[in-house]
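In what comes next, chain A is part of two complexes: it sits with chain B in the first one and with chain C in the second one.
Entry: the complex of A and B
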């Protein structure tokens, strides 16, 4: 690895855009403002007045487009009164998700007796309604949850609170039909117990309850404890609600070029995004109230006093080689590539130095700061040359995972083959076909590409790119008369020293 | 950003304390990080990776990453094997440190959990044989003296439930009844799952959930939040390692793992049997096997079933020092015996010291606390 630490100072815009004014959006705006930055808070609906006067609010406003880069994001904000172009150093996304009742999952239609959780909460906020519940023999309310979806502690908490409110009226009764009771959040087990002590009845049938919706309502379950059918004719049935992502959030993610998880929630399911990052530097995500101060910390880290010192050569495009094929733009997992004067340009602030672009560029037009092609080739030569007398194994190790595990394996003196050498790469996605072949040409007996487990790659797809390349080369090795087993791809986490050496030993034995 | 100065003491070097310290340093606040044991990282620095074909987002490797950040951060000054002696609040916080002499690791060589632990090895009292290179004598570790700071973050963590209290499970008597915590360490040290009695791969494994948590008789009226996720992830790794293995999880209610839970749960249910009941007791059988008695809901009468190994999913109890810490720093205890994190007098509580939580949750919470602490410093000036 060559030592190159040319630093440049980049001016960063100190304004911050916060999108979404739910509780966590408001909190984020306040937290960022408290760090001394100017905040613009937009929402596609109404915006309540924030406490801090430093926050500019724009209601009924959407982000129509995003250009520019981290530190200099150029947005077009659109609302009824027109469009305005605004520039921001950082963006905070505080998505507001919707709720949809799952009555259909129970074969129910919503009416004045079958209501959603939100409706029941509103009703319970109404003193007149509450009075009717306690009148006469008192009304019976049944809550059904966990059969239309798995649910979560937030949903459980709402059911428990509402059931307790009903039960406490004295003359009304609350029944809960639940699958898994999601008590995995502070205070919920206690709340659940309190409810039961107050007389709330909780059934946990193994199957979804059968419900008849006619002139009267009827719920029948087979009670797993007494092993009998138990029927109830409640006055109200309250159906659970699911959280829905909604078109607006998906569109926003697309406009901002940030990843979502499988369910469409921002950001992707990856520990490297934790707690408040997206895949793009400078775009942060506040999903919960607790994320808000974390977002403010990350914003302050990035914007600092408006000038940032960054490596000048994190990734550099050679304009004489670039043929504007767009490959790098498409494959950069961190959205760090843009177009300038007709060629690809890389933002030194946004670039994470993973090197995927460099490996994918068909023109070899991109070089990565500390990991230039020349430097890596020199590393390969050095590695193979340093082994004599024993089989040599060259392992390209991702610095986020395998390199850590490998260094730990050495530090703790685990058993590693004598001829084992590691080559540090910024991400397995930087391991080119050329480097692997070079290792064989230099005389390596075995080559290993050691990456993060899928889903744990900081560059999201770097590990997958590496896997594909290895598969391709294994096929090619056969055609040039080498055994394909001399090359393997493996995945490992940074904390797994013993597993790392076991994997290396197993590879060495097979060679 | 306004430049910030000041000094904060962080007590406890688990993932919560590490994160708090690092976030403070990022904001230019210097940190005195006080850790009672000989190694930074808390419980989670010893956990195993629970990836199958794909990462299961358990967060264990995030602890490794955070520890690396912290040891490379010049603004953080680490005191290992050190405890809080006394506190004088007449002018800011004057805190006396003392060596933790409770555990002298008699005749033991302690090994670190990460290569970022420094030292990597600690030579306990009275060790005569040669210890690995770089080992430090336990007696030489620890800080003493007074330190003045402007605020304190308490991150003294949790205590795993002592499984021997649930006597009918025979923990401590039958070798192949282990806790989730032991599972974590065994798998990491052996690069795979082996059972204690013979070092063989178990073919039939049971997990028992809620051991110590959600237990009215013990007065533990909380869900520990992490034991369903870790048990399911561990069950997944067993099946991944050995597709022929039979794994059962005995449970009350399945709690979520986090993002993408519906997909995760559906997949795990294809491979793992879920039985909604908590077993009554465990007896040893031949060949170090274990016979488990339970009342499965759909069966009515008790059933007996044999397993090669039983994992007790122990929950998160209040930290061993929560009472002392509560007295020293004047932090009220919650009904459950954890530290109340709503205090606001220059003393803050982060991580599982305040109640059960995951690694990810402890990190987010610690970030928030670091933010609050800096705000407090700004106001105090």
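Entry: the complex of A and C
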């Protein structure tokens, strides 16, 4: 390992682009501006005037393209009056998701008595409507939630708020039919208790309520507490809504080259990242109002005074070898690679050092910080040479998980085969096909690639790349005439020391 | 680019068994880009061969040149090649032959099968686009090659086998002429589809040479 790391200073543009002017977008723009950065706030629709005069507003504007890198994002902003090229150091995305009523999940059609949550919220904002609820014997409103989809605190909050508003009218009654009342957010438990104290009735049936929609409405459930059928004929039924990602958000994610989660929400989940960070350094996401101050902190941390000191050798491209095949650009999970002057260029600010690019490069043109090809090959030779007796096992261990587990296994004196050697890699994605083959050529009896659990890779897809490579090499070993079982891929968490040594022992027994 | 695939391992192994020192030569252009014959593939193949033959049974060397289809880059191997009694080329068919021509006394073995001229769809995923027929009709066909995409390579189509959007050979195989029709209609130049393209001169399929305009005199001066 290098003893000193040369640092270089990179100039960072200090302007910030905020996309989306929902509440969290506005809040983020204000919070970033309050840190002293120039903010441009764009939205594909109207933009309300922000409080801060330092925020430049562009309504009916979309981000048509994004080039460049963290600290130097070059965007093309398009609106009715044309296109303008603007450069930003950081980008904040404040996605605006849509809502769709889930009436069909309950076998209901929307009409003037069966309404969506959004419609009821609007009605409850209308004084005349509220007055009708309290007239005569008073009206009954039933909320159904959590059967059309698994509920969440945001949806629960809306139901509880509306039910409380209804109940507080005095002469109207609110009933909630919920699958799970999700109160895991600030103030929700309090809101729930408040409603109960006011007289809101909550049912938690085991099955979706049976609802008749005719001249009158009728809901029948089997109440698990009294173990009897309970029927209600409400005047209104309010159905829950699902959040819809929408084409615009997906297109934006594609333009910005940031990952979405499995449901299409931005950003993708990664426990190794701050929630406000996307997979690309410098592109932040404000999903909720609470994210706004965090986004501002992250932006300020990146932009600082406009100069960033970073390691010069994070990822270095050998211009004599690079053929700009674009494999690295396509494989980089952090969107840290582009190309200029005829070779691939890796942004030292955006690069996270996982090394997936280096392992995929068909010309071995990329070297990663302390994990150069030469250094790792020397590690492999050293590992195999230091073993006397059999079996000799070389384990490529991701430093985010398996290496920790292995070190702990050693520290706890768990039993490990004598010929077991670990090689530290920054991510399983850095384990090159060549490295595995070299370990066998040097004389290893077994090779293990130990990665993070699926969905837990710091580099998003490093474990996946490693798994694919192992599968491919296992096939190749067979065609060579060697047992494919001399190579295994395994996943482990950093706190699984005992499991780790057990996996190693089992592997050793089979060799 | 030219797209190639690595040959089955046993085929390569059989070709080189019996030699003592073998140099594996990669190519840093098309086959590197399509992940079949760059320096990483050279290293990997050598490791596989080492494992199969047993370490040190055969000595495998590794070199990757910029392009095996340029004599100047092959010249870089002149001193080195002498040390070996056989060469493996991981270049396309053109590169392999040029390498063999450069070192006529050395057996040269191909480690890849040259597949086609194509484009990249995603990392490691390629699609054939051009058959190098020598008579490009893309201007008339909306930029879609009927020689490559049509099972009959029809210059004038479609044939009677067009079936909705598919070709009669396979419902997953798009009909080239259906796509051409759609593309031309979208560009409001459907009239072109009834223009008859004269048949290709398939006699041009003998080994061809191209001399770019302006270089004829230079070639003449070389006396070749």
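Here is the rule we go by: the second predicted complex is superposed on the first by the 480 of 511 C-alpha atoms of A that agree within 3 Å, B and C clash if a C-alpha of one lies under 4 Å from a C-alpha of the other, contacts with A are read in each partner's own complex, and residues count from 1 in each chain.
One rule holds for everything that comes next: contacts are C-beta pairs under 8 Å (C-beta built on N, C-alpha and C of every residue); 3 or more make two chains touch, one makes a residue touch a chain.
Since the model is a prediction, treat every value here as computed from it, not as a measurement.
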| item | value |
| --- | --- |
| Chain B or chain C, by number of chain A residues touched | B |
| First, second, both or neither for A:84, with chain B first and chain C second | neither |
| First, second, both or neither for A:135, with chain B first and chain C second | neither |
| Which superposed partner A:386 touches (first chain B, second chain C, both, neither) | neither |
| Which of chain B and chain C A:65 touches, first, second, both or neither | neither |
| Touching partner for A:171 - first (chain B), second (chain C), both, neither | neither |
| Partner chain in contact with A:483 - chain B first, chain C second, else both or neither | neither |
| Touching partner for A:227 - first (chain B), second (chain C), both, neither | first |
| Touched partner set for A:413, first chain B, second chain C, both or neither | first |
| Residues of chain A at both interfaces, chain B in one complex, chain C in the other | none |
| Touch list for chain A against partner chain C, complex | 321, 323, 325-327, 330-331, 360-364, 432-434, 437-438, 440-441, 443, 476-477, 479-482 |
| Residues of chain C touching chain A in the complex | 8-10, 28-29, 32-35, 38-41, 43-44, 47-48, 50-52, 55, 64, 120, 122-123 |
| Footprint of chain A on chain B - complex, ascending | 1-2, 23, 26-27, 45, 47-49, 51, 53-55, 57, 59-65, 68, 111, 114-115, 120, 132, 188-192, 213-214, 216, 221-223, 225, 228, 253-256, 258-263, 265, 276, 297-298, 300, 335-336, 355-356, 360, 363-365, 367-368, 370-372, 375 |
| Interfacial residue positions of chain A with respect to chain B in the complex | 31, 34-36, 149-150, 152-153, 180-190, 193, 204, 206, 224-225, 227, 261-263, 265, 269-271, 274-276, 288, 290-294, 296-297, 300-301, 303-305, 400-401, 404, 407-408, 411-413, 452-456, 491-499, 501-502 |
